[in-house]
Amino acid sequence: MNQDLLEACALTVNVGKFSLKNIGFSMGPDDYVVILGPTGCGKTVLLESIAGLRLLNGGALFLSGKEITHLPPERRRLGFAYQDSLLYPFLTVQENILFGARARGLKEAPEMRRRMAYLAETMNITHLLGRYPRFLSGGERQRVSLARAILTKPPLLLLDEPLSSLDRQTRHATQELLREIHLAEGIGIIHVTHDFSEALQLGSHMLMLHNGQVEQAGKPRDIFFHPATEFAAKFLHGENLIPGKVVGREGKLWFEHGGDILLGPLPECCLPKGLSPAGNSLTMFIRAGSIRLSRAGEAPAANSWSALISDVIINSTHVDVYCHGNGSSWQSSLSLAEWQGLDLSRGERVRLSVDPEYLHVIPQ
Amino acid sequence: MLTTRINIFQGVFWLIFILITIFLVVLVGGLLFYGKWAAFVSVIHHPEFHFAVVFTLWTSLLATALAAVVAVPCGFILSRYSFPGKVLIDTLMDIPIVLPPLVSGIALLILFGPVLGDALARLGMDIVFSTRGVVVAQWFIATPFAIRTFKQAFDSIDPRMENVARTLGYSPAGVFVRVTVPLAKGGILGGLTMAWARALGEFGATAMLAGITRLKTETLSVAIFLNMSIGDIQFAMATAVIMLLVALLLMIAFKVFAGTGVRL
Amino acid sequence: GKSSSQPAGESNTPPAQGKAPLFAYVGANLKDPVSELAQVYEQRTGVKVELTFNNAGSLLNQLETTKKGDIYMPGGMPFVETAKQKGCIAEMVGPIAYHTPVIITPKGNPAKISKVQDLARPGLKLVIPDKEATAIGKTVFKTFDKLGITGEIEKNALTYVETPAKVIATLGMGQGDAGIVEYSNTYQNLDKLDVVEIDPSVNIVDQIPCTMLSYSDQQEQAKNFLEFMKEEGPAVFKKYGFKTEA
Amino acid sequence: MLTTRINIFQGVFWLIFILITIFLVVLVGGLLFYGKWAAFVSVIHHPEFHFAVVFTLWTSLLATALAAVVAVPCGFILSRYSFPGKVLIDTLMDIPIVLPPLVSGIALLILFGPVLGDALARLGMDIVFSTRGVVVAQWFIATPFAIRTFKQAFDSIDPRMENVARTLGYSPAGVFVRVTVPLAKGGILGGLTMAWARALGEFGATAMLAGITRLKTETLSVAIFLNMSIGDIQFAMATAVIMLLVALLLMIAFKVFAGTGVRL
Amino acid sequence: MNQDLLEACALTVNVGKFSLKNIGFSMGPDDYVVILGPTGCGKTVLLESIAGLRLLNGGALFLSGKEITHLPPERRRLGFAYQDSLLYPFLTVQENILFGARARGLKEAPEMRRRMAYLAETMNITHLLGRYPRFLSGGERQRVSLARAILTKPPLLLLDEPLSSLDRQTRHATQELLREIHLAEGIGIIHVTHDFSEALQLGSHMLMLHNGQVEQAGKPRDIFFHPATEFAAKFLHGENLIPGKVVGREGKLWFEHGGDILLGPLPECCLPKGLSPAGNSLTMFIRAGSIRLSRAGEAPAANSWSALISDVIINSTHVDVYCHGNGSSWQSSLSLAEWQGLDLSRGERVRLSVDPEYLHVIPQ
């Protein structure tokens, strides 16, 4: 059995009126855990608790199999970066980055110097090394704070929205850096983010928090395409959430919406577990990218229905088409080229279709 | 503030500032003017004065250092911990400010005389009427100023700054030295200056606890008092002015060196 | 001698309204008798006497700096001499009373001191008023000089203090075997201390004078007060434990 | 700090803290013990004492208020502006701390006597040997403590906090009142306490500038001095203890009321 | 002529070693300006200068036609929110929000109360109104800061990354709120952001900064699809930047890459202005969504070329396909459904094509 890097058992933490309740998860050294959740759901508190900066009111923490529940933060040696960068104003950028090395008496060690130079280069802050933090912009500060947490190669990194004030390009470079640190140096990472693509691109494992509790945990892709609850689906910006119920026909299960639309047959995996679905009021979850849009002329087929285009929003990477049909709103995402090929515009009638593979049913 | 134009608000502030500056300059000028040149020369050549300068410097610096040793933990604990009776203890630490120095001296005399005197004597650590007494009295008077200023400096630190250092591998002691103290630097230096200045000017408690034995427990303040008592105001003023100039010089040097005068 | 001012007998005239008060600098240890005398004077003449107390040297500095005030009454002649040299004094009466050095010891006199020569006994711990800053110190050291024991006394000196009152406080706190104070200082503390008087034949006493300042802008009234002090002063001083004859 | 376990570092801090607390308690205890009950009773019934209490309270409070009026602009300007000679002026403002109060008193006496005396007299604003002099002397002694503490408090404010208020429509004066002062509240209250305590215990400068006239310029500190001078130590100590208790009570009330004792 | 709300003429601001140079732009009350740029390019400094919080070293500012260059910030009355929220710790959330109303003596005014309640409701901070800022999470703080800036309906709002620490859902609601405030109340907004979709969805006008200068200004969509410089193209995450040159054939202009690929004919609009393109080394910019991907079997046509799939990344809304062909890397974005329909996988040969309409040439 591969040993867990971090195991959190039933963590409970009270902060004022808020409390984290019964958080449990475990991760190996090759896991990159992303934590997602609405603001105020307890993400920062959770990271602080893991780092040892908050006293637990219950539960236990194990690092590489050793209990660290009562270990002070400096003996856990986890890398940690707060949401706001909190640089030391009395130290230059370089000294800030080397601050962790200094704790171990390695401030002058050549390997630390080399690593600092490498990190600064990658994050494009080499020209700032001699400056004091008050002369930095928000994004510059955030990168310095990240470099400071990473420098001494801690076994586990706890990062609270480390990329939130970076522009796309810098963010991309920093993501690459994180991925490399994770893969090449075998450092486990827990990364709080609000950005879905960040979560999808970086995370090997995802924890979704809600009101201080784990709402859903699993692979990011699984959660994105198979949210377990309506909250999760909505939170993940599930574009199409359609009420209806599941009916059995010809030995298979189908999803019925408004009497007119019958989607299916539903694959086993896309049904909520432990729940006899037939007859219950349920919600069908379809990502906008999974709904195919074609000209109205095409022949009606299974899992397809007709609708009117109500709005079109052209984004940088894709086009969002909003339609109205069968008493519901539908959203479909197309690539620019595809949209161009269809040559449609607002008000026209179209045919929407979905592959049963992309259907996902969640309890209401 | 950003506007170049000075508005009424800033005008009033500057006005008061300038008035006070003028007031102090005139005051010092008055002292200088009132003193006679001959008195300065004779003071400077007086061996008793030489003794007093050296003696005052080392006792006051030692007292300030001891005040810091006490004030750092006390300020820190008052700033970071809550416990029943905290307000009480917090106020208790202001006592040496409130008490007239004379009374402070008597209180110290009671403590180090009848109460602890024998024990201290057995340890060979007599405090009453000794140079040690001078340091103790100055320390006693200066400490509360340091405590109050340090507490305030510690108060204004974001505890998350310290948290980050913990995760970077610093023990609480390491965090204190490497993060808390540098962050509180401005306040600490200000408090030290204040404590030292107070120790320097201290007279009442010193005279009571350590006596005013010439060439033994005679600080500059004592020398000034003695000369005043004889009615030799010239000599007293000359001593005071020289003491003032030396103190100002040292404080300016300290501020420039430690960089507190310059706002970063 | 008799001045040209109104005699003290005029004191039964009704209180004159609106007369400017007199301002007097008074040695702090003379507070009680002088306060009473000032009160009596006000009742008699309607002239208020404002008293400010401090040690004699500080008072001298104050009056010299401000060049204001009418009366200066320090605890000893040396200050009057200094003030005269500086031209502050216009007229002087007195002595109103005497400053007489006495030896005090803790209750029961554990060191068995009976005369001033005993203070030279090796190993004694003495608390002595500063010989330059205090009037009492000045006079008592003249006595020591006369007896030729100054060296031994200085060896025995545990500490010097800046007022006789502090000698009492210090002894009261269990420090030292004996001290020198002024006779009147013992008045409040006879329950705690023993007093050993110094043989009058060797003791040198200081006089407590009352002077009028050359800055006074009410010379007449001030002279009147001086007269009053001369007449009535000794009795009141005696009441407060001062010696009024040498 | 977060760990429940007390480590060596915290242990040493607490140890020093507790030792100092005990030291102060014993000290105050000594004063109380030394005093006799009879003396307390007689002090409390003494009309001179009543006068001194009331007089001291209002003069020291007025002096503290005046100190604040001066210290707020001075602290603010020293904190926010840079100008040539700043270190010099900054240090100049420490003068009243450095000078022995006696000398401060003389300096004030020179200024308000020979120098400004006539002008003030014409305005009917005599300061020398008047109750006004008491306030001036206390103000003079207390102000630098307030300036130093206020400056430090202003220093620790993020100027962007003030910027935001400007954009929300506050004039510089409005920002100062609504943002700067509340942000500096802890420091300002601390500074005021310190200044008041110092004014309360002040004796030397007051005695010099205002004289010690019974029932006119007699503060508690002065009363203590006078009683000491005539050798009435019992009475002096009793007065001191009562003054101390009143001061402590007021300060505790102030802290509880203003919420500085409780760390938010 | 519709009067400008804000006109900035040749602003120059020096901050330490950095300086904003010669920034000029103007906006009407119905403009929503987004400012984009890499970290440290001077966005915050620009907003501070407009708000009057920094002294200009040159240039002039006009608000509704009146010069405000020398007006102190409180007389400009612009709404302003810093990147980090900077709430007043001594005030509750409610008092923080009402702080601007208090400046005008309107703290108790019912319309302010109503507006505060409305804002709090929309931003989901009603339950926090009585709390002190230190008990809030990062995102909660940011919303309060935004509400504080908006409360008094200033004519112009300056927002520095106002949505950066919000989760998708909250961000969406807050975006809606900003849009509504902008449209319904006629408040001009200048909004600094790092998020392209935010820029596209909200902005009517965009300013791209680089090193303290305006790199490009215009409609967000124009800039996204027609970046003027290589820096802009790269910064906007232009997926395909292909070196080559423009050649003239049959009276039309074509773009030639590596001799094998000839794209065109190029429409007028997509060529760099004021530059005779023929023969110069130029860069072709094609967004990934504009490159169509089809199975290799299809017939070769104009503007199409063949390539091998090297990598596939499935995102929440779309699929990124990385290909290699003709010595270059190509990236194409497809909707999930489209990708599903193609049934391709890594290593397979495909045909890439692009509509000449989506071609855009930029100087190198």
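Of note:
Labels for the chains are A, B, C, D and E, by order of writing; each one numbers its residues from 1.
Note that in this section a contact is a pair of C-beta atoms (placed from the backbone, for glycine too) under 8 Å apart; a residue touches a chain by one contact, two chains touch by 3 or more.
Remember, predicted model here, so these are calculated numbers, not experimental data.
The chains that touch chain B as well as chain E are A, D. The interface carrying the most C-beta pairs in contact is the one between chains B-D.
Taking the CA centroid of chain E as reference, the farthest chain centroid is that of C. With centres defined as mean CA coordinates, chain D is found 15 Å away from chain B.
Here the spacing of chain A and chain B, counted between their Cα centres, is 57 Å.
Each chain gets one centre point, the mean of its Cα atoms, and the points for chain C and chain D are 34 Å apart.
Chain A has residues 52-53, 72-73 in contact with two or more other chains.
In chain D, the residues that reach two or more other chains under the touch definition are 2-3, 102, 106, 110, 163, 166, 171-172, 225, 228, 233. Within chain C, contacts with two or more other chains are made by residues 55, 58, 61, 65, 166, 169.
Contact residues on chain D toward chain B in their complex (touch as defined above): 1-3, 7-10, 12-14, 16-17, 20-21, 24-28, 30-31, 34, 69-70, 72-74, 76-77, 79-80, 82, 86-95, 97-103, 106-108, 110-111, 115, 143, 145, 148-149, 151-153, 155-156, 162-163, 166, 171-173, 176, 186-187, 190, 193-194, 197-198, 200-204, 221, 224-225, 228, 233, 236-237, 240, 243-244, 247-248, 251-252, 255-256, 261-263. Interface residues of chain D, counted against chain C in their complex, comprise 102, 106, 109-110, 113-114, 117, 128-129, 207-208, 211-214, 216-217, 225-226, 228-234. Residues of chain C touching chain D in their complex: 23, 28-29, 31-32, 35, 50-55, 58, 61-62, 65-68, 163-166, 168-169, 172, 181, 184-189. Residues 16, 36-40, 43-44, 83-84, 135-140, 142-143, 160-161, 164-172, 194, 196-197, 200-201, 221, 224, 234-237, 287-292, 313-319, 332-338, 340-341, 353-355, 357-358 of chain A touch chain E in their complex.
By the touch criterion stated above, chain B contacts chain A in their complex at residues 158, 160-161, 163-172, 174, 178-179, 182-183, 185, 264.
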